[in-house]
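All chains are identified by letter, namely A, B, C and D, in their written order; residue positions are counted from 1 within each chain.
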């Protein structure tokens, strides 16, 4: 399904000769560079690179890449990973009651726009079972109360492990995850927040926005960190509003933003286009 | 220069029959309604209206309008004002060293896009004298130090009074105004802040934005109140940015936003399109 | 479900006293104006108005409104209609094989964002039956060949009549409708075209856009007229693209635009916010 | 003024090893790659690349680069050029009567945002002399009539040659240039057209847009070719409008678009970010 490519992501201290070294390495193993992008953070002298290599004809593969590559990585003190596009990622979705982001992801997945295996949708509410199962996707209802919070999270994690989920999308999941969960899924938990962060973090951002009388609303997708609504921002979009828009209108208009921004963030993640450093993202389009 | 119209702005408790009463009043004096817009804030049961009346043929004028109108205003407990468009507003600009917003306003004014009398540009720095005077506008250099802050503000206010300024535009004026000044020019002091408020209020918003790693930047024009960067928002716009944009790029891109947003806010003010209630604006486009 | 209101839409030659006459008429029957908007086309001296009246307490209703109103309408030579919001509109959707717009409308309808009765989805292909029926909506497969074109259209029209459809949404329906059909459903056939019209009318607009090397793509929703892609435009949106975007990327990005623009147009139609004159729309937001 | 860098732009048939060959070449001469971007047009198997090299420490310079580089260029059948950023480009502006784009470019140039030498502003009208000369820039008034069209263009070209202009910006210059002129300045003549091309090419695009009733307007900057408004598009932007906007409003709103789009196109040209192929641009941001 996916075109067969290797996506190599690198970050390391900036220094001369990195591009040549990487390009030579690839050429040495008969790799054809389909796409390459790089970025230098001059403030911190850090170099970032994404290379997409045609797997066709490339003499390296998932089994032997690391062995060949590691000496070069060591020399340049690289953090790196390679992902082979045919090795489709496994996605789980956590959701509560609101279905707009969920439905959007389901549609994109079903129609091949989102190239993942969708292993499970997990919710603390029963409401969306029928929707999810109509797409042929397993729906797991794991209810939660303040008393059962820890147990429920354990059940969620057990399910993620059992289904082999590589990453998790919080499609308006209204529960705070524990620091351990967040740490274990670092840069693999994608959340959508319904404001242009850092404005209106926390609860009821459309109410806050209405109260403040802003003329634009926004939505923000970010990796989850320990600090609420403070993780590395992946994507944001905004939309004009005016005095005629009540909170309900902001909610309605905002739903469209949330759908688009979350779907974009998931796409970028799935296509290995994101590197994280210093709580910020480098997004190679 | 301006087409001769009367612009009537009203706010009052919401109740039946306001529109009919206003329309009848205008018809009774042979007024032709060129444009009318209204808004009801249902949360607070408050009604807002803007009516633009052709002065041609209208039996009322600046001298006798209030006498005829007041009984109706009393009946509906209206806050109101009327502004006759031929009575061109007098604008002063406060500026420090940065010229992008100033130059934009000067150009719009000179080319008739901004229908005001520009009575003075006042700066705490000497740098922009030549630019301003080349437009035939008086430039007043009123330097300020922490020791002379009060005196300088007194001098600014004296100048505003002497020149008969109706309203003041802070085109990146880097001084905090005293509460008295702000109170006396309530809803007549227009500021531009270089972020999408309420995010990044205060100093160096582009640095804050860069540090946070946002994917959009914004600019906000608002009336000045006692609380820094917290006044009623008139206009906002945003622009996408990405990891390649350093602080310098944000500053450069942001300049274009600031220009547009400030010019838009000034236009709305000059055309009597803004009503303020509860620290928010109703903007009749 | 819908709040009970009467939405009155008017167009007539511009003249003094219209607003007062309309407002008095409503006041005379104890109507409370919830929202009013107007527009004067000065080039053609034509006046447009939309008034939304609280049905609660209003002495007129669907049965007796016309009788009371017609004398006033005659006096001002008005084209007008009134629609009672509780009288929910009946919508049919025509679709071919592509599901993105359809799925979006189905979701909005199911979740109460789109206040219509969805009476049928009609397609010339069988593909989307399961999707549609999973929403509990009847799916009618009416295949078409060049030989059966007239017959199929007759069958479509029979179905629309049988289901009492008030208006029809072409959610990427890839068939040209006959002039008679178009005439009979004047201003009740809403189409989505996947370009910023008038650029790239006709077939394969994303291919045309890619070939021309534009830096923005768009989508346009419009009422259908006899001339292909030339009807009154209801809503348009655009999105930046660049040289990296192949035709497939334009198609993918464009799908999001098409969904949003079509849904917006349908909402505006359902809420009686559109008046058509001279092949253009007045859209009262 | 400009940071000292070499900007190398390449296009050639796509093939393996280009990136490695280029990176090795640069490394061989101790060059440090500050920025690199590439693009492959898969439809035409064509490869494009932009590399920015720190001139500091680079063993090649304007005098000896070509000699060293040409063998590699020949091997890969490259079209290429290198531009040394300290070798500031010389820009001329052609303008008629409208000053909004001109004023914007003048401001950006004066404040160091546009790193060029501005060698002359040439106009077929006398109106803008004072504005231009107040910036210390020579203003050349070369009037034109249908009878003197050829002579005037000769005078324009003589002036461009005398002032050593590298490229020419048509900042709303209302004259058609001859095919010879266009050919001689291929990809060095930047025009702004006040519509989202290809819609509304030719005369009076805002009138056309108003007549058609579009809900968005746009502006397009492009290199000039023999076919009117058909050259490779460099930058486009759009803005929402509605039924209340008369032609005058479109003109006013459009001016802001035109300024931004033209300034963006000039910046991209000056920073050597544009490659042209098949009447389209590759723009390396």
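Convention: contacts are C-beta pairs under 8 Å (C-beta built on N, C-alpha and C of every residue); 3 or more make two chains touch, one makes a residue touch a chain.
Since this is a predicted model, take the numbers as computed values, not measurements.
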item	value
Most widely separated chain from chain D, with each centre as the mean of CA atoms	C
Numbering shared by both copies at the chain D-chain C contact, with half separating same from different	same
Chain pair with more C-beta contacts, A-C versus A-D	A-D
Geometric centre distance via CA averages, chain C-chain A, whole Å	36
Where chain C and chain D are represented by their mean Cα positions, the distance between them in whole Å	42
Interface hub residues of chain B, defined as touching at least two other chains	244, 285
Residues of chain C defined as touching chain B within the complex	16-17, 19-20, 23-24, 26-27, 30, 32-38, 40
In the complex with chain B, residue positions of chain D that touch it	99-100, 103, 107, 111, 113, 134, 244, 252, 255-256, 260, 285
Chain C residues touching chain D - in the complex, by the definition given at the top	39, 41-43, 196-200, 212-216, 218, 232-238, 242-244, 246, 278-283, 285
